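As structure tokens, the structure follows; a few thoughts come after it.
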Amino acid sequence: MASLTQLFTSRDRIFYELFAQISETAVETAELLVELLHTFPERRDELMPEIVACESRGDEILHEIRARLNQTFVTPIDREDILELGSAFDDVIDFAEEAADYLGLYGIEAPMEEAENLATILLQATRQLALAVPCVRDFSDASEFTHEVHRLENEGDRTIRRAIAELFRHGVDPMVVIRWKDVYERLEQGIDACEHAADVIDEIIVKNA
Amino acid sequence: MASLTQLFTSRDRIFYELFAQISETAVETAELLVELLHTFPERRDELMPEIVACESRGDEILHEIRARLNQTFVTPIDREDILELGSAFDDVIDFAEEAADYLGLYGIEAPMEEAENLATILLQATRQLALAVPCVRDFSDASEFTHEVHRLENEGDRTIRRAIAELFRHGVDPMVVIRWKDVYERLEQGIDACEHAADVIDEIIVKNA
Amino acid sequence: MASLTQLFTSRDRIFYELFAQISETAVETAELLVELLHTFPERRDELMPEIVACESRGDEILHEIRARLNQTFVTPIDREDILELGSAFDDVIDFAEEAADYLGLYGIEAPMEEAENLATILLQATRQLALAVPCVRDFSDASEFTHEVHRLENEGDRTIRRAIAELFRHGVDPMVVIRWKDVYERLEQGIDACEHAADVIDEIIVKNA
């Protein structure tokens, strides 16, 4: 018969597994987005359904996190923090899917180099978060990874400002400006959501270490 | 003389009454917004002051929630949750009023069908929330209503993407695009605020059930 | 040898000092922004580096708040509240710096009067917050200052709506509309961040009074 400690451990494990799943889904979504932009619009019909599938999987994992929280009386870390970290990863995935879908909705015919740069920064940030997630399990220091997410967010901020300045310098067509500004802003929101996830990870570790 | 239990009960009741009031104000604001869009611009001068009055009432109820929290040492549910639910309803009302006012600020002459569809989704979501609020009182399962809010948010998301794609397909005038994109986004933020209120309601019930 | 009480007191003092520093940095950033807009574009090369320096200082103070939280087991007020107040001030500074930088990124040649009005409202709000911060130390009533921040936020809301209506009434060039709408929205987000800081201050005082 399992001891009480083992029961607790096996119950808690599910949250770490769900964090690992949703962080891997975020990495996969960002990889698909970079590939979509790199080959745009050639592989759109092939890649877009995969991105939408990632978005649904993110929703399902977040739903599972909520359902497990409802069944669990004692959680290894604060319920609010579990939910906030899950939601932050779900936001990353949602903004990446939106950025991808808006390329199509806006009838964009060729990608801009800066969008690919921003998506690559988003991908690097999701990879650092996937490395930070195992630290939540044993409350070991994740600052090596979370600092890198902050550095990437700063790089993304400079990249989007340069991209917007370019848009206004060369953009004679306001419709082009409206479209790209919107795509850039969704990529920026995705990167900001990565930074939020990094902050929640640091908070959880500090509170429980 | 009232027993201690009765005193607690009567003190607590005020928060449930204030939640009921602010959720009904959200329903009323959304009803007025649907009517405004349906008849736009004919009944603007009649309906807009009523929408502004709803917005002021929302502010007053939220102010009352804050004031009551300041006077109350033991609250039936976490203070943070009481404030967050009140704020979420206030956000719903604020975004609805903003969407209505911007129709006038932007000098819009005829409404677009998609805006009316989005406002109708917002109205349906506020009605589900008004049904969910009594569950907060006895911590009974509200998922029948909150699931419907999530479904409506997904429907709103599809509707706005279709509306934006239409705008870019037919929109030769960038000023028209800027105006409607902004109105659609405020309606979307109102629907997102409904989803946030649904999440807070679920959280409160789970934590206290 | 210091008594335990004194040790606690000296440890806690650091958070109040950091709040004072970051609120003064917010005031300074807003002062520079008003001056930048008032003289635009003449003093841009002189004032912009000072605004960027304020933004870096804000980041450093927030980083110091996080680092001190990590070293401190018992905090005078909830860790979450300390972090949220620091973040709110950092947001005020970030939006002010963004508004200033976008004037340059967008190649704006002359400022609009409404932008200067909005920046002045932002400055007044930061000054009220700087007066409210000392109340956090002894949990004395800050409502005289926080009410004024709410009043300023309402004034800012009316100002931005009037400014946007003007933009659409006279704006024949959609590129001009896109640029100014974006600058106005960043100023509005800065003022909203002031209101959020005021709410956190009120919450901290209520919880601890």
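The chains carry the letters A, B and C, assigned in the order they are written, with residues numbered from 1 in each.
One rule holds for everything that comes next: a residue touches a chain if its C-beta (ideal position, glycine included) is under 8 Å from a C-beta of that chain, and two chains touch if they have at least 3 such contacts.
For clarity, every value in this text was computed on a predicted model and none was experimentally measured.
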Turn needed to bring chain A onto chain B - CA fit, degrees, nearest 5: 120
Interface composition of copies chain A and chain C: same or different, split at half: different
Chain centre separation in whole Å, for chain C relative to chain A (CA means): 27
Set of chain A residues in contact with two or more other chains: 174, 178
Chain C to chain A touching residues, read off their complex: 66, 69-70, 79, 83, 101-102, 105-107, 174-175, 178-179
Chain A - residues contacting chain C, complex: 161, 164-165, 168-169, 171, 174, 177-178, 181, 202-203, 206-207
